[in-house]
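Worksheet for the structure shown next.
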């Protein structure tokens, strides 16, 4: 057995060789040090293309900075696996020797520091390594593996861009798509939900129009601050009074801005909303209630109809229950029975689900832990995704991601 | 000069004789002991008729239990004077030897104790005495005195009933109408406002329709308690944000009732509003805002349009400024310079103004104090009108009422 | 096989004989026609005692109108089964020939009509019949069956009263307690939850103290209607902002009452709250937030501390997961695989759980349907529990209740 | 009579000569074209000093950029007159040939355009001209005229700065202080109030501290946007429920800012308040209620105590009634009976009153109109103070300001 060959493992079929692991670590360090902003992952895409080319895997650009690899290995099922590739406008503060010093330019022209603060670098490095493992052990499996390196997950733009760019016209249609995310759990563990896995998210921007007046003359004004405050207060009743209490939903007003001077009633105010739901009926009910309340509260003030702009929508992330339960079993076999847990859905959001729902196939998405025992069991708060201090420990984080991915794929493609 | 004859007084023209004062006190004690509810002042009306008949003053019934006396004394101005006659559904607790033990029946059939808790007995006794003085001193004046004994002031029904019953078709039209009210001020003093004297009042009843559901299933309900609470909260912005701060207005939600059981979301709730304004434009703005807010808040809940019932309206009580200022001077002459004060308007309401506005003539309405020095200067709270303890001291309260009325009338009718 | 002997059934071990079914129907008709109010179930208790005596089952009174039967049959497990016995103050409107014409007297002295509007008559008739079956087929089982006929479920008083009256000092302690409830589902079906089965409920009464004033003089008042409205509005934020969205909770303000007259700001207002939760931590968080908000809103108005009275508490109703899953399997065997469903927990409440939690043993509570196919599949709304039209069809409702109970008990006690 | 000598006018004692008028216009054009920001009126102060020096009037700097001139003319009363000198950070858009192109630097370092958008240039030009008139007509009067050129009225800093810098230790104490302001009324008219003239103003900045969390996890947050919205809503009840409706008061929330991202619940929010009152008792009641509500609402959210920063306070501007009534008469004589009106107080604010209250002497402040008949009677909205279009017509605006000032001073100082 050489370090470039992955021997068959009785449990998972494919095991990471020392060389593959070294390559995985090198890839990860490089990606972590060179993050790029959403939909601007140009160098990352080129690196992925070079890697796939080097493995002899056919590939094409899709959705701008997305890359799709198609690894064909005779007759058999077609299975998709997705990794997202984008970083975040955060100033890294991890102190790692491979910490990012990169910068980027936001759509509004602002120059910002960039960091892989959500761990997408682990997803990409793992999927490239899995591609290598499958490319180097063709005797261990049969079928087609569709490797989806998706840009722009943070802005909910990437999955939609790939689908719109003809992803499923150009790549073989898989019977299922897998994906995974590193989380602030214990490295070496994996968790997944049966059914809903992550929430849908809708973000709206509301512009409330009033009428300006001097602060001493409210009678000449329509006060958009008071109006907006009533909207914020009234929106609370959607979750408290309009939904089945057993249905999870969140309506958050994340920002509210109005007025420049304490003694001037401003002409307008604006606020943004973030809405989380799991169920389509609940989602529609909440969105309708938001619009109804905003419109009616404006009427209560005698104000013009407010403007409501849809900022973005994250689709459902739903784990087909039978598939998820089967996968939980496969993970227990591959990673260890105590390392796998079935958990309630997360209120966070993902655009992963769009890749599968666009062609009506099932999908499963799971989490793997990224923190060392010292961090998990220590006294300090555990750094969360999007924190400047979010720094997954390389091992056993990365090889657990590999094991989970291989276990999922082998269940479909293994000989 | 006998005690039945009112000699000319250099200051006021007419002065109360001992006999008149004794009659005044006897009348007052009788009226106080025998109060009747609004629009049910049958015995009071008969007593007034007997008194006017006894003085040879022509009179007629008007507006059910209203009585109008017309005392004609040759050519000269026609002047009106109004006293209201009704009591209140209050259990008297004054301990007076002439306290009321009367009962009455409310429109809904409830049997209730009745008390002259607002002092209308002083108004009636004084006006009957003034009628006697003018009837007995015809040489001191010329013209026509229209004596208006009005029922149902407390329910805003009486003035409208008299006008609707042809008051000004049947009685000579006065060039001005006077009226007065006993208040919790120092007996012997008089106060009046220049311009607005008392507020307009509008009372509304709002029925909020929701949808009933079990308390554990808000998703099936439209919660009328939460909706009504938002209406109450939102109505606060009318006074705080929609009016010129220098314009007085009140929007009070005096009652709110909804629900029978803590674990049932009820089908409806109802609340009542009392609105006070001085200016017609402000009144219209407030009423429109109340309707706008109630309708829009229902829309915000997805509820049916609420019902708004107008319970009653008290008209403006406006003292023609020039007349009021002249009268303030006359009062200073008649009662004493320190006994008369010009005061801001009261937020309380009266239907007196309707009698004059119905024919477009000016009116002046003033207050006379009813409490002894001991009560005013004592440590205990001064009993207010409508209190079970409201007990004007007979003198100098009643004779001050007489002096003020005579001063006002003499200014017009005096020879 | 005779009609007085229950032959062993291969599926359930014990089957209802024709005679037992006839007795079941007769018992049900009698109980339905003679409902009694909570904690006043005197005749019902006597009937139960007579039935148990007739079956030779030792029994004792417990908690006033509660009855406990202990059916001993040699060595073996001890298992409890509970039926509740009380009716509701509802005027029955079912048109049944055995409809109730009974009346009762509420604690406040009010005479009211009484109806078995929640179907507790089915629970009692079924448990008495099950008792008969087990008494008449001693060869089919071994152990001890504790039959708990509990009064006062509707007022959350009965389970607590029985425990306080020494239930578990006087009866053998069971290893598990079962209970069931008829619901507006299809007759012949059974449903149960794994884990939480019904919500905890807490009801509170809040008295808001303000300061009375005339409606035209808010400056002298502390307005309890406006204050109470702000409390109602602010309470919405508990569910919308303070809880994990995936945790079910309800905070309902079922009643709000304040004020007698539209132009008087009242001295106080009062409202009642009903709170539903499944998790003890959530319950404590909600109750603390309710108290925090009510106290702080009073402070915001400069009002005295409101009074909060605890009206009653319904405990958790939790189905031990392993037991519930086993029972679901037993039901599928006994009643049919399509007749059994596992459902999410209900937001409704029950005091059943208190009987088991008082001694730290597990419990399982399930539902059986009570409506005919015509009712379920028809166009009219299905009558719910507590409706004047709630009328379970006798069969297959009652025999399904028997089958489920027997299946549960046989699983423990069957030879 | 030469054009440099002001002849005695039978009405006012002193009349503007052609030369004085020409000088007035030249001064005005210069000042208008060269506005300076509050407390930075360096060139304006130097210009005033040069003018006073030229007239031989002793003068000193006071309060940074304030200038005080003392014109002594033998025995007699000491009378003060104040003009304010600062401009505003507004981009002038009047199209005047003498429009400002000046810029200035705000305390936070921002470079901004500057405009005499409130008309303080008219005040300064008029007072310098009045100084010249009195200096050139010493035979017409006797006593001492204290000319107060005050900086920083817009920021409420200037009057306090002058008093703190020893104004009344260094200048003779006047028996009364006058001041005036150009307003959007008809040029040639003057108006004043008897008693309260302008409102007190208090500005506060409130920082609401919550606890940050992801928008999908409200349970980990204390939401400062929802909390701040409840504060804004609750503050409305101060005006609507806590004050005598006949007392004017305004509580305006001019700004509200919180949050950077729609899906993050921020750690804090801040808003600013502007409060207007006329009566000290009302002011104290409002300020106490604001603090009470803000503190209690934070408690209702379980949030830390918010920070409340006092931004600035404008003192009362109260016209001693007897003085104001006398002055109204003098104005009618000097300017014409139809050109003078007595008006209700304005809700706007001024720090003028502080100059007089600091030494307990009376003050009177009046308004003079600045718009042409075409502007006043036209169809377009009349430009208000602080508008980029605010452009007083030079005449008769300026000479009416002079006439009013001379009339007031002559009433005290005239021989």
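Every chain is named by a letter (A, B, C and D) in the order it is written, and numbering of its residues begins at 1.
Throughout what follows, a residue touches a chain if its C-beta (ideal position, glycine included) is under 8 Å from a C-beta of that chain, and two chains touch if they have at least 3 such contacts.
Heads up on the chains, UniProt names are A, B, C, D = Metal-dependent amidase/aminoacylase/carboxypeptidase.
None of these values were measured; they are calculated from a predicted model.
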item	value
Chain pair with more C-beta contacts, A-D versus C-D	A-D
Longest centre-to-centre distance from chain B, chain (CA-based)	A
Between chain A and chain D, centroid-to-centroid distance (C-alpha), Å	56
Distance between chain centroids, defined by C-alpha means - chain B, chain D (Å)	44
Rounded Å distance, chain C centre to chain D centre (Cα mean)	71
Set of chain A residues in contact with two or more other chains	216-218, 223, 226, 230, 233, 236-237, 240-241, 245, 250, 276, 347
Complex interface listing, chain A residues touching chain D	199, 201, 203-205, 214-218, 223, 225-226, 228-230, 232-233, 236, 250, 252-266, 269, 271-274, 276, 311, 346-349
Sites on chain B touched by chain A in the complex	216-219, 221, 223, 226, 230, 233-234, 237, 240-245, 247, 289, 292-293, 295-297, 299-302
In the complex, chain B residues that touch chain D	233, 236-241, 245-246, 248-251, 276, 344-345, 347
